[in-house]
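Common to both upcoming complexes is subunit A, partnered first by subunit B, then by subunit C.
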Partner chain A sequence: MTKQLGFLHNSEKCVGCQGCEMACKNEYQTDATPRWRQVFQLREEDYSLPTRMFFSMACNHCANPECLRVCPVKAYTKREDGIVVHDHDRCIGCRLCLMACPYDRPQFNLDKKKVEKCNLCYQRIDKGEKPACVAACIPEALQLVEINDALDQKMGVLKTIPGLPGPDITHPAIRFIGPKQGKQIRRD
Partner chain B sequence: MGTWEWPLIVFTVLSQISIGIIFGLLCLDRRNQLKEKLFKQGVLVSGILLIIALLASLFHLGHPEAAYRAITHLGSSWLSREILFFILAFAGWLYLLWLSFHPTGKRQSSLLITSVLGLLGIISSAMIYVLPRVPAWNNVAPVFFFILTAGLLGALALVILGGQELQSEQKKSLLNWSLGCIIVSIFMFVLYTSIIKLNVQGAATVQFLLSSPLFWLRAVLGWLAPLILLLTGLKSQKVFTANTLYLVFALVGIGEILGRALFYVSSVGIHISALF
Partner chain C sequence: MKLSRRQFIGGTAAAAAGAALFNFNLLTKSVTAADDSLEDLKTFRNVCPRNCYDTCGQISYVQNGILKKVEGDPKHGYTNGKLCLKGYTYTRRVYSPDRVKYPMKQTPRGSGNWTRISWDEAMDTIAKKILELKSRYGSTLPICFNKYSGNFGIVHYGAEGTMSSIGYTTRALGTPCWPAGIDAQTYDFGTLYSNDPEDMVNAKYLILWGQNAAWTAIHSLPFINKARERGAKLVVIDPVLTSTASKADLYIQINSSTDGALALGMARYILDNNWVDWDYARNNSVGFDEWVDYLKTNITLDWASEKTGVPQDIIREIAREYATTKPASMWVGYGMQRHINGGQNVRIIDALGVMTGNVGKSGGGVNYGHLETWGFNYNAMTNPAPKDSKGFIGPDGKEGDRNINMNNFAHDVMAQNDPPVKMLWLACRNPGSQDPDTNAIEKMFAAMEFVVTVDSFFNKTVQMSDIILPATTHFEDWDVMASYWHYWIGINQRAIDPMYESKSDVEIAMLLSEKMNALESGSCTFPTSGTPEEWVAKEFNPGIHSLLGISDYQELIEGPRKAKMTPASWADGKFRTPSKKIEIHSNLAEKNGLPALPVWVEDMKAPEKYPIRFFTPHPQHGLHSQFQNLDWMMTANPEPKVEIHPVLAAKYGISEGDKVKIYNDLGSIIIKAHLTRTTSPEVIVSYEAWYKDSNFNVNYTLKATPSDMGKQATGNDGVAFHDNFVMIEKA
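For the complex of A and B:
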């Protein structure tokens, strides 16, 4: 693997519109239940000050993907650019990847009785286009980036945010820019 | 919280009894105490259990017709390794079946090979659940518990199958072994819960178990009642009646099935704690 593509999510810009989710569904015409991409709202108790904060998460194309390790049919492969691709045709629906992923991103399709997930629109990337979710994000809160040391050393770039599983398990290819917290003004 | 995985409960418990019986036959054969009739009965019952177990495992899959592909990732998937070892153990069992009708001198080595393959299958079964995502499983406990089920129910099944074929001393040593397995199982469970409750997800698993009526039913039926029956029976030196043996087997069997069900249901994985 020569590089690792991933997502950079800016929670300061994200308004929780779920446009990324819709773009993903439109692109692949997925069934209603499986949500390859999902917008979450952080719980207030997870943050030091009351704030409405969203983050959008699909498969994190982890550096150490547990789904790939446990899959008995080699349905998962990792490309040279770090994208973890799930081969829907090979899947036998054992759901072991669901048990193994801390982010619950492989989703079981009850009608097709198979697992499916985000493949980071690799066919679009191969054509030089942005992934559907990134292209659809109006406030540009979601970006496709290369995960490397230079990115991690930038001011304000976080490897995780409150409410997420620790990144040590799978080393997810996602980074965050947390919201700037406003001043809390009290009338004493 | 996990789900009721009935196909996996049936598969794991029955396959472990099956391998436990084969291992018990091996132990008897090594002491030159294995009669031909018991060998035949043991092999037959063990095979029937293994076939039911393997068929039950298919019902867990979304696409059972493609189950043959599950053997293609031996490099890192314990599920692939589990399937491989159980298929090999089944091949070993087929040879044992042939031997039970055509006795030759290779019985002991065949029992040994089948037992080892089965044991590797059981260890692989347990290793599937050793996942960093699930702290309650991410330790050696699944391996211990799965092997204990095989040792406990395998020995009890053999005592019942043995009937007249087993001398009272042999029955006694098998029942002593079962008693030991129950005591180790209780001790292991206490140790296991005290270790896993040190982290949030493990503590949630322990809390779920201790507040579940099913767990207490499992503790009474699978541990306490057989423990009392076996202790009093072995202490009084009386011969266990067939009905008592059936009762002990049924109690332990129900206990192990409930325990396995709770193993799946009580699992709490590390997850995103946000609103959606």
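For the complex of A and C:
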């Protein structure tokens, strides 16, 4: 592998609008229930003040992808740029990957009886375009980045946020910038 | 899978009505390849026509006659090539199996027993009913029309034209959304006229007053963020800690409906410290010194703090910062004026902008909305009544339509006696889920002889109708759209053929006209010819051309255009009031029974029996009753919730996920609880919406209480949607 592409999500900028989630669905015209990308709300109680805080997560294209390891039909491959691609044609819908992924990101399509997930818009990336979710993010909270030491040494870049499984299992290719809270004049 | 348009239509026509005719698999690409075939891919320009600040420029991608996806139009300088989550779901709206596909009749009304009928039968039934009512009552006044904001495309005013062309009718007049604030700015400045929102980048200080841009105008955020990168502070004042408020440098959880008291407190402190822009205020307004006297005599920080729940030091802080950090911009949201003193509160905020000289400045303004770019011909709406039509003699002695209050629709329809209302025609409107006092609406519908609704989905209003006429989506029509917030205008091309047997309001009007004239010559003046593109062409005039710098509407096919206006509204100081100045003292307001000055008017107090305020603001996943019913939205947001502060919840023994009954004298609803400290202990919040297969409707407890203003500019006062008081219990 020559590099590891991944996502940098900035909760300071994210307003939880779910534009990324719907832009993904629009790009691939996915069925109703699979959510290749999903916006999650951070728990109020994990931060000093209650605010509406979010992060957005698709497949994390892990350095050690558990989905790839457990797949009995080798439907998963990892590209040179780190993207974990799922081959829908090979998939037999056994759902082992669903159980293996700490982040619940492989999505089982009940109609097609197969798994599907974010392939990081590799066709767009190969053409020099941004992934659909990144291109659609209005507050520019979601970025495509190369995961490396330089990124991890930057101030404020986090490997995980409260509520997520620890990154040591699969080394997910996602980094976070945590929410920033302003001053609040409250009534409680 | 590849299907030609022709095969596709053949397939649908053969299937029975009501079945799920469209398989979304037609849209699904190979899961691993986003663009496995770009063959014959065509793009068209569209504009999202919803009742929304952003009115986005869109590009539709069409292959073999099928809408494959929708993206933002990069040539649109405000929406900048991106859509909101709703905008990205449009294929699911266009191809929803739940769409109304054909004209249908329901027998009996409300039974759910729908039968497909032909357009000819539908028009024949409707035309005969109109003519029968006209012959029975001697006029078409028993026919009542209600249209509002389901589609704000200019050609959609053909729905109004349908009514004008059959005679004088009863019309629901007004706007539920924003009239109190419109009147406030009409009294103060002559009309509503906001700065270009892109100009917010120039603000050095920003106050969003009851405005949740993250949900309702998300394309404004980059401009706000740009201003913040340049050092501007963002203050959000809102009883609810919204997604927007969560991003603020300073969030102020104000007591509901006391925004004017906060602005008065700020004004008093600005006065005491002489941060007043006396030159601007005195040169550009009338009555300013009279208001200054009022501040000196009546307003103290003690009082303002007591009223608003905002500590005095915070009032001092924002007053000083707002008055001394120039230019400072204020954005007044529509939520804060949905109170019995809402318009007055806007007038006070306007005065605050004037006293600090922030009006007429780039990076400033008291920004509410504008209609400066809406100068179209409204050709589709301007048809003369047929000869010898009998109308309603208005107070001015003129004969015309009989206007009733859109914001007290159920009551006003039932109150008509001479002649009574017997038939409803609804277009771009869903009072069944959006009007106050749903029980009253249901009773009123039940009392009608005949109800016709034009819509795309079997919503609550359709469920109470005799005939449903299938409406096209904007991808199936030509149109042109302006915004009430940004300064852009875009053309909307027909990207795909109308699905099933759907038609636009204008096409329906043409069909009806044909039928009525066949039954009774001269009974309808609506033209019977014109292609959709010809109809849109007729909306343009030299004024619009010059505003956009074009000589022909077709130039808009190359991209939307921004109106040539100064970034700051009122920069020329030519106010449109009777005195041509800002009227801090408004004789017009006084004449209309309101205070002449921007003085404090009391908010509505919670009755003892119903101590909790029930807020029902605009949702994130829909626009009123649109979008939330689509399958992607139902996945993203499967069910409604009511936000309750943990302290309040504990008082009533309510835990996370419990079902809560919310009730008052008018009605009740049951919603699942979500405990959160983003609201205050006195206010519960649930977002209005129409969910698929659900009777959820937030308006059962809402009285049709008028807000204080709206009559002057919009014909009727607004609705005090946020003065809704209830009791709760664990259900």
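Convention: the second predicted complex is superposed on the first by the 181 of 188 C-alpha atoms of A that agree within 3 Å, B and C clash if a C-alpha of one lies under 4 Å from a C-alpha of the other, contacts with A are read in each partner's own complex, and residues count from 1 in each chain.
One rule holds in what follows: contacts are C-beta pairs under 8 Å (C-beta built on N, C-alpha and C of every residue); 3 or more make two chains touch, one makes a residue touch a chain.
Just so you know, these numbers come straight off a predicted model, no measurement behind them.
With the C-alpha superposition on subunit A as described, subunit C and subunit B fit side by side in the combined arrangement. In the superposed pair of complexes, A:Val15 makes contact with subunit C only, with no contact to subunit B. When both complexes are overlaid on chain A, the residue A:Thr2 reaches neither subunit B nor subunit C. Judged by the touch definition given at the top, the superposed model places A:Arg187 against subunit C, while subunit B stays out of reach. Of the two partner chains, neither subunit B nor subunit C is touched by A:Gln153.
More residues of subunit A are in touch with C than with the other of subunit B and subunit C.
Annotation: apex subunit A, arms to subunit B and subunit C, angle 120° (C-alpha centres, rounded to a multiple of 10).
Think of it this way: put the two complexes on top of each other by chain A, and the tightest Cα contact between subunit B and subunit C is 8 Å.
On subunit A, the positions that touch subunit C within their shared complex are 13, 15-19, 21-23, 25-33, 35, 44, 50-53, 85-89, 116, 119, 121, 123-124, 132, 135-140, 179, 181-188.
Only residues 60-64, 66-67, 69-73, 76-80, 83, 128-129, 131-134, 269-276 of subunit B touch subunit A when the two sit together in their complex.
On the side of subunit A, the complex with subunit B involves touching residues 38-43, 46, 55, 57, 66, 68-74, 90-96, 99-104, 108, 112-114, 163-166, 169.
In the complex of the two chains, the subunit C residues touching subunit A come out as 24, 27-35, 68-72, 82-89, 91, 214-215, 218-219, 221-222, 225, 234, 241-253, 255, 309-311, 314, 620-621, 631-632, 634-636, 645, 647, 676-678, 680-682.
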